[in-house]
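Presented below are the structures under discussion, each in the form of structure tokens.
Same chain, two partners: chain A is paired with chain B first, then with chain C.
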Partner chain A sequence: MIKSKIRSILSGVKSRIFYSTCLVITTAVLSFMLFSGSIIKSSLNKGMDNMDRRLGSDIMLVPKGSREEAENLLLEGQRGTFYFDGSVDDKVKDIEGISEVTSQCFLKSLSADCCSSEVELVFYDPDTDFVVGPWIETNYKNSLKKDDVIVGSDIVTENGTIKLFGKDYEVVSQMAKTGTALDSSVYFSSESMASVIADAEEKNSFLTEEQKDGDILSSVFINLNAGYNEDDVIRECHEKAGDVFDVVYPKQLNESLSDNLLRITDIVGAVILIGGVLLFGILVLINSVIIESRKQEVALLRVLGNSKGKMAAMLISETGIVSLFGSLVGCLLGALIVIPFGRYIGMSLSMPYLGPDFIGSTLQIIFIMAIVFLVALVSSIVFVFHVTGIEPYLALKKEAE
Partner chain B sequence: MLVSEKITYRYKKNKRTILNSVDYSLEEGQFSAVMGESGSGKSTFLAIMAGILKPVEGTVRYNDVDLYELTDKELSKIHRNSICYVPQSNIMLKNITVLENIVNPYIEADPEADLKKKAISLLEKLGIGNLAGNYPYELSGGELKRASIVRAALMGPKVIIADEPTTGLDKETGNRILSFLSEYAKEGNSVLVATHDEHIEKYADKIIRLERK
Partner chain C sequence: MKNRFIVAALFLLAGLLVILIPTVLFPVCESEMKMACYYTKQAEIGVGAVILLLGIVSALFSEKRTRAGISIAQFFNGALVLALPFKLTGLCKMSDMACKAKTQPALIVIGVLILVIAGVNFGYLASTGSKDD
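== the complex of A and B ==
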């Protein structure tokens, strides 16, 4: 029974291939817009949330002339190889108004040493850290020991270990995806730094002189006590450490990005809304043309023994099936374009971007298909009842004339 | 079998009365024809007898059941199994084959294979079995008319009501259609046609003539 009903509906669709194609195209465009827009919007939001969680300091000191690179680090997680003296954190930690200080050092490995692509090595002090820890604490609550590592989501491990410069390190945790270069980072305790550099030298990996020296830092993160002025503290830092650093304000950067994000998601939302309304109008128009052109057919089917209810069910089912198909096409097209190019979209918007996972995308597709299906049905229902309500003989006579 | 009592019909717009208190009865096995000049109300009369146009006054009874007192669902059942109407125009969907046009309206009621087999047998009987797989636009008017009659006869209704089934057709095709309908009536069914075709006298058991009012 169900099989014959489906066959009957499909034959109806086939018999009006032109209109069915118009409906498929319209619903596909609508679904593409909804899917792409909502995926971009949610990915930007997720990227922003992630960034919020990792921008855990009031000010960040970076080597003089490295401000831009450091901002890229914060925004897109792109590591740089910039260094200043390894004692900067010690020099500033006791300044009045500073509540906590932690530092990090970044190295880049050569791809041949461990991985298919270049990985970033991040050394941090688990005892003073307040930047990396909160970010990974859902994955790993213990303090990182020497020769233990935490890896980003894109790093492939073998039996829970990773080989770097010829040495195996135990991977104690793998981080969730961030949509940035952090995904290809390996996190070490600062204790491991000297031995990693020694291994790198032994393997003849390229190291600059200052990297070989080992007593270096890439950035110092500082949190202030309440009521203290950032400028006063920075002035004091200059006095203690000398004119060796530039200052980056992560939270200000975050606020300006939040404003950007709000604007972008507002625009995306407006485009979705306007597009949705326009396409609803187009669906109404297409349905009115399709159903008007089917008056005689409906009249004939009525005189051949199909009740009004059955005709209404048939017409609505046809619209439903065609719009579901169109919606699936649109969503898949959206997934094919938006998901693989997500990283590029994030980069071109200069925003952190964290694309959806498989389950998230599937749920999104189901949700959008349901919305488009309902919109298509609502847009057709009035016409369906208009057509099924006509006198069959009068409609057939009109055709004969 | 199918009886009308004092049916009257007048157009809503100009109030012209087209049928006035017409009594008629169609018996089992009978091939009956309605003749009359254009505008005499032949088509209107057939539509009322078929249960698809409600008269202003009067009743139409099929086996003692008033067609216009039935619910939409009950009337649809009668149209599917008992009274089938063939309109004057040949309405076919152009993107599906002739066979699909014939079978699809009933596809939910019976297994498709059985319906197709029966449809091809009827098409062969009317001399167009070879056109089953063709598209409607590949057929002539006469061929389309025959396909429309096959569609009406497919479920074996007790009554076929055909509006001008031979109009515009050559003599040979017209005779073939009338012959088919006559045979159909003789199988214990009934046929009512509206026509201008004088050859009907050779086939019809009963002819009534309507006058233009």
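== the complex of A and C ==
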């Protein structure tokens, strides 16, 4: 019974192949637009939320002249090789108003086959850290030992180890995904720095004199006690450590990014709205042509004993099946393009971008298909009631005339 | 007749894109060193050329069985387009490298489209009987 009904609906669709194709294309474009727009929007929002968590300090001291590089580090996770004296954190830690201080040093892995093994190395102090910790996915409570590392989510490990400068290191934990270059970083304890640099020198990796020296830092992260003024603390830092650093304000950076995000999502929303209204108009037009052209067929079927309700159900089923198919095609095409290109979209917009997972994408496809199905039904319902409401006698008489 | 030339044109275009994606449209990383993505580019040029030539060949044959066979071959070529960056030759490991951020997604799109075109065409040819056109 159901099989024969589906067969009769499909033969109805086939007999109006041109209009059915137009309906498929329109619903596919609408779904593509809705799916792509919503995925880009939610991925940008997710990236932004992640960044909120990543900007784990009130102020950040970086070597003089490297503010821009440091801001890139916060936004896209791309680390530079900028350094100042290794004692800066010690000099500022006792300043009144500072509650927490931790430091990091960055080093790029410069091994011969750049791409297959280049990673960014980060040396941090696990005892004072409050920046890396929140990103560790698995429960790793122990202090990081000398030959242990924590790796970013994109790093592929072999049997729980990673080889750097010819030496194997045990991977004790993996970070959660951030959607930035942080995902390809390897985190060492600061006490490993001297031996890693020695290994790098032994393997003839290019190292600057500063890097060879070893007593260097790339950034100092500072959290302030409530009620203390940032400017006062920074002035004090300058007095104690000298004029060797620039200051980055992660939270201000975050606010300006939030404004950008708002502008981007507004544009995406406007495009979806305008395109959606336009496509709804096209859907109404197509449905009016398809359904109005079937007046006589419906009248004839009604003369043969079919009820109004049955006829309405038949017309709605045909529109529904065609629009569902079109919607599925549009969503899959959207997924095929937007999901793999996610990283590129984020890089082009200079925004943190964290793409959806499989379950999230599937739910989004189902949601969009349901919306497009409803839109297609709404766009056809007036014509369905009009055609099924005409007296069969009048419709057939019109055909005879 | 229509199916024969439309599908041949689609394969030809797809083959051309497989060649152009890693070389011109979304080029792999530029480096004096030959990295993994360099070899993937070379291999994709070869696979793209085969897809393109099979597209031309499929336009020359009216026998449905032959064209169905070519579709099967193109299906596996599509799988090869995908397997090269993911498994066989690979790409750079850092996610912000050009080959990873641009070339790989573009190859995923064209590879999946080749699989779909070849699969649908094979299904169509198999379901429309053995009458040639």
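By our rule, the second predicted complex is superposed on the first by the 375 of 401 C-alpha atoms of A that agree within 3 Å, B and C clash if a C-alpha of one lies under 4 Å from a C-alpha of the other, contacts with A are read in each partner's own complex, and residues count from 1 in each chain.
By definition in this document, contacts are C-beta pairs under 8 Å (C-beta built on N, C-alpha and C of every residue); 3 or more make two chains touch, one makes a residue touch a chain.
Every value quoted in this text rests on a predicted model; they were computed, and no experiment measured them.
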Is A:Leu336 touching the first partner chain B, the second partner chain C, both, or neither of them? second
Touch test for A:Gly309: chain B only (first), chain C only (second), both, or neither? first
A:Tyr344 contacts which: chain B (first), chain C (second), both, neither? second
Touching A:Ile17, do we find chain B (first), chain C (second), both, or neither? first
More residues of chain A in touch with chain C or with chain B? B
With both complexes superposed on chain A, which partner does A:Asn159 reach: first (chain B), second (chain C), both or neither? neither
Footprint of chain C on chain A - complex, ascending: 76, 78, 112-119, 154-156, 181, 183-184, 336-337, 340-341, 343-344, 347
Residue positions on chain C within touch of chain A in the complex are 29, 31, 33, 35-37, 90-97, 99-102, 104-106, 108-109, 112-113
Under the stated contact criterion, what part of chain B meets chain A in this complex? 43, 47, 50, 52-53, 72-73, 76-81, 84-85, 87-89, 91, 93-96, 100, 104-108, 112, 151-152, 155
Residues of chain A touching chain B in the complex: 1, 4-5, 7-8, 11-12, 14-17, 296-297, 300-310, 391-394, 396-397, 399-400
